[in-house]
Amino acid sequence: MHQAEIIFNEEVARGIYLLRLCADKVAESANPGQFLHVKCTKVPHPLLRRPFSIADTHREEGTADIIYRVVGEGTSILSQKRPGEVLDIMGPLGRGFPSPPPGTLPLIVGGGVGVAPLLFLAKELSKVAGLEGRAFLGFSTGREIFDTEVFESCGFSVELATDDGTCGKRGFPTELLEDFLKGEKKVQAVVYACGPRMLLLKVKEIAASCGIPAYLSLEERMGCGIGACLGCAVKSAKGGYKKVCRDGPVFEAGEVEIW
Amino acid sequence: MHQAEIIFNEEVARGIYLLRLCADKVAESANPGQFLHVKCTKVPHPLLRRPFSIADTHREEGTADIIYRVVGEGTSILSQKRPGEVLDIMGPLGRGFPSPPPGTLPLIVGGGVGVAPLLFLAKELSKVAGLEGRAFLGFSTGREIFDTEVFESCGFSVELATDDGTCGKRGFPTELLEDFLKGEKKVQAVVYACGPRMLLLKVKEIAASCGIPAYLSLEERMGCGIGACLGCAVKSAKGGYKKVCRDGPVFEAGEVEIW
Amino acid sequence: MVDLSVKIAGISMKNPVMVASGTFGFGREYSRMYDMNELGAVVTKGITLLPKEGNPPPRLFETPAGLLNSVGLENPGVEGFIRDEWPYLKTLQVPIIVNIAGETVEEYRRIAQRLSPLEGISALEVNISCPNVEKGGMAFGRHPDSAYEVVRAVKEQSPFPVIAKLSPNVSDIREIALAVEEAGADAVSLINTVLGMAVDVEKKRPVFKRVFAGLSGPAVKPIALRMVYEVYEAIRIPVIGMGGIFSWRDAVEFILAGASAVAVGSAIFSDPVAPLKIIRGLEDYAARNLQTRISDLVGLAHRNAAEF
Amino acid sequence: MVDLSVKIAGISMKNPVMVASGTFGFGREYSRMYDMNELGAVVTKGITLLPKEGNPPPRLFETPAGLLNSVGLENPGVEGFIRDEWPYLKTLQVPIIVNIAGETVEEYRRIAQRLSPLEGISALEVNISCPNVEKGGMAFGRHPDSAYEVVRAVKEQSPFPVIAKLSPNVSDIREIALAVEEAGADAVSLINTVLGMAVDVEKKRPVFKRVFAGLSGPAVKPIALRMVYEVYEAIRIPVIGMGGIFSWRDAVEFILAGASAVAVGSAIFSDPVAPLKIIRGLEDYAARNLQTRISDLVGLAHRNAAEF
């Protein structure tokens, strides 16, 4: 647990906010795919913390970013916080994305605000000299697109899709992934995905049918955030349940059942 | 019910805020002693509105003021609101202070933030040409004093008391009232009081023993604010209960039991 | 166009949103704020045989997302009601449901009798669940036998439909619901307040003189919803759902759980026009979900539970 | 200096603040965040005879100032507990209370038997109040006879003090408290979660697969407090109070209402160090109120209620 001062908290695309925290412990140790568990209020309602993926860190400045969409009470309270206010956070929590084996092509698939942890991933991967990758990113509409240029600056070639066709291809980023994989026979690749459940389901299918590994960042309602309450269950492929907060949020696609 | 824009909301003394609303309906019709029932949040907690006495109105500008002390969740939420935000208010509600009969001397006794409705009263009374009055005001400490000069500009001579003696006499404003009344035999006066329960109790006693009428502004926990829920009961001298929101908040001291 | 009208226990309402007893007085208080005829029905404050002065202050205490009340059924008595409140109420175009309470079965019977000539009453709501009085009230609603007796007695006297208002402070609310159904109730309404309390840590004593008080508001919604769901499966007469309804979403939850109509109580204190907003929200919801009649949504969660 | 220590049911605790079962796992999860030895006691997640995989997601749902859970007693079973969790727990300097649950009286008996050699267990907490399982759990806690039977069986087997954890989903919790006292319980703890539910208005079905779930958090505090107050008057064994404790004020309310110790549950999710803050708050409160022993505050609200 840390008390982290807010440095920046602004709308970066329609309904999407970037929040930058002064949190050197997080900046030092966070891995892409890990999350922060954020207390939005001091009063007894809403009761629970909110989990958000870490979207970036700056070790030198000791800062960490999250990018969130305003969807309910917690995120709307968050969006009203101003620089200088202090946020109570837990983290970095959970297990993040594994690095790709040398020589494999990282394929990133992100939907909406699910792009957030993939930004951090891309930045980390770009530290490997000469790394190239592909990013397939989907948004509802042009006005909700954010930060796609970051992927480009990290050495990823970016393809876009929007639900309404206002930008990039009309459709889903999984279709872009499929098209790409159809073209490349026997590519040594690994998929990293985050987004709505349907997206993850589709990525799992595609990866399985192409015989390449896929790492998915899952979401589940959370209580403790650290494996104590057993609230954030997801069905394990081997029977029983994994906990998103402790065993994930990133899982190898074959480990879990997505329904 | 009105949606009233906040024009001003600042700390005017330690822990005491002045909030000015753009609310022409209130400004037109409010009488001193009436109150506004203010919704502090849209979410289900805290559930109830908060009642605050009207501390001033400006008919020309269409504004109304409340002055509040931050004591709990509702007032602390209020204190964070900024100009431009819109507040949902009901009011003016309740029955205010009656005017003094011609020729009677108005004696104002206020304690702490209880001074708020008395400011409005003093301003209204000052509209009667040549009116003179006395104001006995008490505060915990010097740093919590606000707006006493307003009473002076309204033709009241002001005497101060503080609990800790940092300003004016060390003690309570009711002692100032007592001292004054001791000096003036058979004065034709009427007392207006607002403040903590002990203050009201004492004022009631003093006024009774001097045979002068006293009007007290009471506080009780409120639900509806308009007489529907029967929540804000105060024991009537005649048996049964009066409702602070509908029959008050201002009562003639003899009407109610203060315990 | 969505048809919001519902008919329950013989009462035709233009929409399923009522105001809960005790939170809307006798209507008059809110009449200056909006047109009450837009409501589905108005339920009056509880009426007893003789006037009741109610409990000493404090009567209200706020809790997390909730409200404790110990009003203690302050009311003008049935004669006072007929003299002072009914003349106004009967001019309204909205169904009026009169909530009644007694300390003995005989008292319930006599109130019902005394009200029976009042043409224009749409139904009696029999409060066997008030936790804030010394005698009667909730005591009747905690046992199937006494609940049966009270409802039976009222039903015998009343030319109007009878709604039994149930207490949540029981092990198994279905038992009570079955008993009042058997006694002839035309509908049940639930929940009344949950027995709770608060302690004043400075004075080191209970906040309320009567120690216990009734908890209402959003805090109790999950409990109320569960009870509506349970009761819907147990009985055949319609269920009127209430307890913590704050927004149209809450109202939809109750309807899907089995409520044919809903009542808004404590939320009115937060927003007097909450019932009207909820009516509009219901209409939009039904339209979005391609329902032409709101009544088609009643109990849908039961049918869909199987699909999990 | 305030003496915060309490001794209840033979357990010596350095302060009266425990963590509630199921909200603190087996302690280890929080051990990196602070020194657990500062707590009054640690209560483990509920243990069953055989491992239990728990309920399918979703298992949690937030409600106004509250939380519904349908974890379904996921746990490694008593053997798994002894193998994987006990070695760590026994190294702690804080009293460990093991929470146990079963589907039959026989299961409770066997778990108690299996745990009896574990030197260092401070007490067993017998969960007869879990609403999230198909069999057993709350079913036992809703009737005095079955509550008696379970507690009796555990008490016969257990060399450790036995705490009976009561369900709030009953008409009269005093009846159950009396039954478990008679069965030999050394203390009671209350409340477990209140039976509630939520409906997904988009999917038009219950949020939880098992439909009903357990409500905890500040929303239920007034209910829990009332039950502690009731039970304190009914029995002579000590009461451990819980349900919605969020701040030291809440803890004080429970203590004044009659709790000899308190447990913090859901609030830990909001703030893992809430229990520590509450301990400090209690200490300050006692000092401010010129109490040298926290135990002198227990039940004070009863004595002061008369003074109203």
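Labels A, B, C and D are assigned to the chains in the order they are written; within every chain, residues are numbered from 1.
Here, contacts are C-beta pairs under 8 Å (C-beta built on N, C-alpha and C of every residue); 3 or more make two chains touch, one makes a residue touch a chain.
This structure is a prediction, so every number in the text was calculated from the model and none was measured.
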For chain A and chain C, the contact-path distance works out to 1
Please tell me whether B-C or B-D has the greater number of C-beta pairs in contact. B-C
Would you identify the chain whose Cα-based centre sits farthest away from the centre of chain D? B
Mean-CA-position distance for chain D and chain C (Å): 33
Rounded to the nearest Å, the gap separating the Cα centres of chain B and chain C is 37
When the C-alpha atoms of chain B and chain D are each averaged to a single point, how far apart are the two points in Å? 47
Between chain B and chain A, distance of the C-alpha-averaged centres to the nearest whole Å: 54
If I count partner chains per residue in chain A, which residues reach a count of at least 2? 44-46
Multi-chain contact sites of chain C, meaning residues that touch two or more partners: 64-66, 217-218, 244, 246
For the protein chains shown, what form does their contact graph take: line, ring, star, complete or other? complete
Which residues, counting only chain D, touch chain A once they are in their complex? 22-25, 29-30, 33, 45, 53-62, 64-67, 69, 71, 74, 217-218, 244, 246, 266-273
Residues of chain A touching chain D in their complex? 1, 39, 44-49, 88, 90, 220-235, 239-241
Counting only contacts in the complex, chain A reaches chain C at residues 44-45
Per the contact definition, I'd like the list of chain B residues that touch chain A in the complex. 43-46, 73
Residues of chain D touching chain B in their complex? 64-65
